[in-house]
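Single-structure report; data block below.
Chain IDs A, B, C and D follow the sequence of writing; residue 1 opens each chain.
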Amino acid sequence: MAILVNRESRIICQGITGRNGTFHSLACRDYGSNLVGGVTPGKKGAFVDGIPVFNTVEEAVQETGANVSLIFIPAAHAKDPILEAVDAGIEVIVCITEGIPPLDTASALFTVKEKGRVLVGPNTPGIISPAEKCKVGIMPGYIHSPGPVGVISRSGTLTYEVVDQLTKAGMGQSTCLGLGGDPVVGLSFVDCLRLFRDDPNTEAVVLIGEIGGSAEEQAADFIKAEFQKPVIAYVAGRLAPPGKRMGHAGAIISGGSGTAQGKIKALKDVGVEVVENLTKVGQVVREVLK
Amino acid sequence: MNLHEFQSKRILMEKGVNVPRGTVVYDALEALVAARNLKTDKIVLKAQAHSGGRGKAGGISVLSIDDDVKKVAERILQMTLVTNQTGPQGKPVSALLVEEAPRIDAELYLGVVLDRNHGEVTIMASPAGGMDIETIAREAPEKIFTVKVNPLRGLCPFQARALAYKLTDKNILANQIANAAKALYDIFVGYDCTLAEINPLVVSGETLLALDAKINLDDHALFRRPQMAALRDRSQEDPVELSARLAGLSYIRLEGDIGCMVNGAGLAMATLDLISIHGGSPANFLDVGGGASEQVVADAMNILLDDKRVKVVFINIFGGILRCDVLARGVIKAIKERGLELPVVARIEGTNIDLGRKLFADSGLPIQMMSSLDEAAQLVVAKAKELSGN
Amino acid sequence: MAILVNRESRIICQGITGRNGTFHSLACRDYGSNLVGGVTPGKKGAFVDGIPVFNTVEEAVQETGANVSLIFIPAAHAKDPILEAVDAGIEVIVCITEGIPPLDTASALFTVKEKGRVLVGPNTPGIISPAEKCKVGIMPGYIHSPGPVGVISRSGTLTYEVVDQLTKAGMGQSTCLGLGGDPVVGLSFVDCLRLFRDDPNTEAVVLIGEIGGSAEEQAADFIKAEFQKPVIAYVAGRLAPPGKRMGHAGAIISGGSGTAQGKIKALKDVGVEVVENLTKVGQVVREVLK
Amino acid sequence: MNLHEFQSKRILMEKGVNVPRGTVVYDALEALVAARNLKTDKIVLKAQAHSGGRGKAGGISVLSIDDDVKKVAERILQMTLVTNQTGPQGKPVSALLVEEAPRIDAELYLGVVLDRNHGEVTIMASPAGGMDIETIAREAPEKIFTVKVNPLRGLCPFQARALAYKLTDKNILANQIANAAKALYDIFVGYDCTLAEINPLVVSGETLLALDAKINLDDHALFRRPQMAALRDRSQEDPVELSARLAGLSYIRLEGDIGCMVNGAGLAMATLDLISIHGGSPANFLDVGGGASEQVVADAMNILLDDKRVKVVFINIFGGILRCDVLARGVIKAIKERGLELPVVARIEGTNIDLGRKLFADSGLPIQMMSSLDEAAQLVVAKAKELSGN
């Protein structure tokens, strides 16, 4: 078991004939994911290393029964494929694209929510469920291993760092997700915690936050109200100066809100084990799970 | 990307919001002429620089027309404004706005931001203008009124009206507030802003005037707002941040002495935090990004090595998309071209790690390779302390 | 009992200080309706014959607990007050205004439906529930009487004609509604039939249709599937030439669809008693109810 | 309000849709010059009149440049087009469109309407262009593809693209179809249309051309589209319907001999039906509306009395907002000013009925008052038959 994606997921890639689309579609398939098709308007009838390409998501869904989509479309045009996926009935949409204008994301998200779908990202490394051999994203698959720890993060390489520690410490992962580094993203910490709460194969959750917004504070409220499994957290950006975007568009302290200190406090206050030294996360998780 | 006050006010004017009469000038004599042309008694000189707190820093001066306008203008134009928002290096004054100082009967606040949690555009209004919105939120949260706008539906007239009637009972003012809210919303959405703010929006008799305005644009949407991108004032940017941005890097200047190169924003922030835990102080945030080429890595390395403050360089890479061999080649390339006078500590991990390690080993460069991130950080901090004699 | 409005309804009028707004608000109150307030921006603090006026619907709802609104706003600006009523929590919105651009109505309707509210009209005479002494509209109250017949219509005076016949024939009405003569309207025949189905005080329904659109055909489908009470129908416009708007913007036969003949057939096919001579409707209802 | 083909094509061109080269002319000599200027072999002359079926009615002529263009142009310009849409009185030809006749490889259909049931804008496309959409719907419904557009979200590029790929596999054509769909949607929404249609949209080599186009505007939104309202061609309207509309009345010409005045659209239609049931034939639909004044009622009465075809006038009023006394005053006013040569039967009911009846009685006019609607209708029919000698 896992959350959101698993061995039954039927995955398409929107933008499959682009450089990144091709590379990562094949990497996902190599990992074990069920890549059933791809979409590039005007390329119907082509194949990417055996994966059939369609003109529209609607066609791809009709022909392949796809229910998950991985999007690699340049930021300036990325709103449209998200809406296309929603309208075609795709349930889980993973948008890797970085730098989509936030108003575009916000407007697409309105339809995503109205139709009850899941958008992971944008600006996310994606999702991976190791025991299910299902990877829908750009993370290096080999650092993951199956196990009982759910990982949710707003960051890419920082997650790899933590996952690497977990795997090396002998603790595999149920599902790892990146929420995305943009100011407006689809799936939230709370959404993921709700899913992990109901996933019997997840015994503990590592939550990797960063400065900006209030997603961690909302996670804290949710944990207090209805999350019983142990949560270990790390929050990046204690040294970030206000008003500066720390690489991620969403990682910005504005007007004194969204600081790492505030988030750490909120999480500690509801009993979350907050690790201050990044390199100790694996060790702390092991102690908690013992 | 931020706009200057005078640029923001021009945009507001185009959208029908009244602003005080004024002119933007670039030297003191022009300032004097502009002040006289206003044909009014009381004028104000305002330093144009990308920072709040200009008043406290001496960048704003209210004068009588009989005062020595030229002298004050000269002083302000030559300033480097240091405020609580600029950091110690301050911001140069790019221009001077010469305006009439209107009568002020009340100061309101009006601002538009994007609510990250719900993806709704949020218009905030308050009768407690003049102070910044965070201060109002802290000291008088009941004085902030908000309207959330569904981006598909857009701002409805009734929403602007309802917000206006929370600030005033006078119809003549309410209509102007509603119009200003509509204008600010249209600017926010039409130009892809991160912030569009009028503070204070002053009541001057029966007229509403935008006394100060701030419009910040989203860098990720500038590609579709070329007329806005053209307003960028590069003199307001840190030169290193600017050249890093042009090289495709994400760089933020900090105040320490440890130069950091990391891939990924989260890991980069975490690296700063780790240095800090061990008592060190980073000179910068630097994310080389996932898709960095050998040349981009070399550019990043050069930025660190060019920084006179940097005593030791810390490379922390978890290769995902970025392969460790590409990283190694970029670092080696930069050092080979310029020589190396600083100690470099590198902790690399992830994709093609063996090849990356081998490249470093074969290069013969005095780069200290570490496999434990925690130990690497400790080593870096120790070296920095040693070199600064602490 | 009745549907949609009753003696508990707390009604406001948007546009109460206009000529029609004032006249009909007072006429509704005279009939017995609970007119608790009115809205005209800029007129807060005024009273219309004792009825308090507010600047916004939000205020009116806060101060009066209103849940029904009657809208008299010129067509060019009528979309906004509908949305204002929805956002302020009004449950039943009766929009009398005629001639709203259909794209405006369509766009407002999207929000109305998303929030689960009821829009009656636009271009409707309104709703009246005689036994509840509740009239929210412009119909002449005195021709109505309490009783077991529900009346749904796309027309104003044609309804009065039928109601007059019913009252004179001794058959009162539970609730009478005009759906509105515009091409796009909120409440449909099907919506009303569903409500009448569940209203114990309604024993039969008179459905008054006209050319244009397919509301009658949909009503027929619904009646066949899940409506057991007797339905007596009249459909106006058998002589209407194609392509001409017969007074109502919605009463237009386009491309051979929306004809009276087609609607009459659809209704007859599902067992509805279709009366061809308008003047016999009262008589037929009496026979059916015997 | 309908536009002419040439007006519709101009709007399409502005939105980037290709149309055949051509000129609109108003006399035969102009037509000849225009035809020669096209410098092409095969040209087409198209009567500009508000009706479909122009071809069958002789309003469209395909000619070689060597044919007598002037003579054919003259013939068409002088026509009154009688088609199955115009009624027997036909439509005058307002102008002549002189166009090149392009090569036609395929004929597509593209149209936009408002889905009344869901309030969504519906774009319809079919590879079976050339015939009207109702015919396609009847004969080959599987050849109609539709996209429903939520008015808040607007048309998304993927929707236009998906529709296009249902008509063709060729990218070069699909892109043009998608662009045409977008253009047509923008026109529909931007100008408040009731119909925006290109039929046929022809494939001519690798280019798509709008060979014929029809744009109908919603009268209720013309107030906000003044540039469209200016395109109205009154010569295409029935003069009586036109003057009725200007008087604020809703009037439709029918083919019978009983003049009808009713209040309310539904009751007016029902009155026509009732006359028909009793074997009579109405000359018109006339709804005086709910808010009619005495003058409007008088105007309505005059329209009926001016109509040479009318043998008897039937007034059927159920007073709601319209009070019976106002009605009576208007009717009496009109008759007093002009005299009365026709029988008038009136059935009035509703608000202020007693006062209305009294006014009629006191007027001394030979108006036959009835209280039963059914009997009134029968009487009217009988009188009409008697007067026409049937």
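The rule is short, and it goes like this: a contact is a pair of C-beta atoms (placed from the backbone, for glycine too) under 8 Å apart; a residue touches a chain by one contact, two chains touch by 3 or more.
All values reported here derive from a predicted model rather than from experimental measurement.
Engineer: Measuring between Cα centroids, what's the chain most distant from chain C?
Structural biologist: Of all chains, B has its centre farthest from that of chain C.
Engineer: Which whole number of Å gives the spacing of the CA centres of chain A and chain C?
Structural biologist: The answer is 49 Å.
Engineer: So, what's the distance in Å between the C-alpha centres of chain B and chain A?
Structural biologist: About 28 Å, centre to centre.
Engineer: What is the distance in Å between the mean C-alpha positions of chain A and chain D?
Structural biologist: Averaging C-alpha atoms per chain gives centres 56 Å apart.
Engineer: At which residue positions does chain C touch at least two other chains?
Structural biologist: 107, 111
Engineer: Using the touch rule from the top of the page, what residues of chain D touch 2 or more other chains?
Structural biologist: 152-153
Engineer: Tell me the shape of the graph of touching chains, choosing from line, ring, star, complete and other.
Structural biologist: other
Engineer: Provide the residue numbers of chain A that touch chain B in the complex, in ascending order.
Structural biologist: Counting only chain A, the residues touching chain B are 75-76, 99-107, 109-111, 125, 138-140, 143, 153-161, 164, 181, 183-184, 188, 208, 210-215, 218, 234, 236-251, 255-257, 260, 276-280.
Engineer: Which positions of chain D touch chain A when the two form their complex?
Structural biologist: By the definition above, chain D touches chain A via 153, 156-159, 161-162, 165, 169, 171, 174.
Engineer: Show me the residue ranges of chain A that touch chain D in the complex, using the header's touch definition.
Structural biologist: 41-42, 44, 55-59, 77, 80-81, 83-84, 87, 107, 111
Engineer: Which residues of chain B touch chain A in their complex?
Structural biologist: Against chain A, the touching part of chain B is residues 85, 87, 114, 116-117, 119-121, 132-134, 150-152, 189, 192, 194, 218-221, 223-224, 250, 252, 254, 262-270, 272-274, 276-277, 282, 285, 287, 290, 318-321, 349-351, 372-374, 377.
Engineer: Can you name the residues of chain D that touch chain B in the complex?
Structural biologist: Answer in residue numbers: 152-153.
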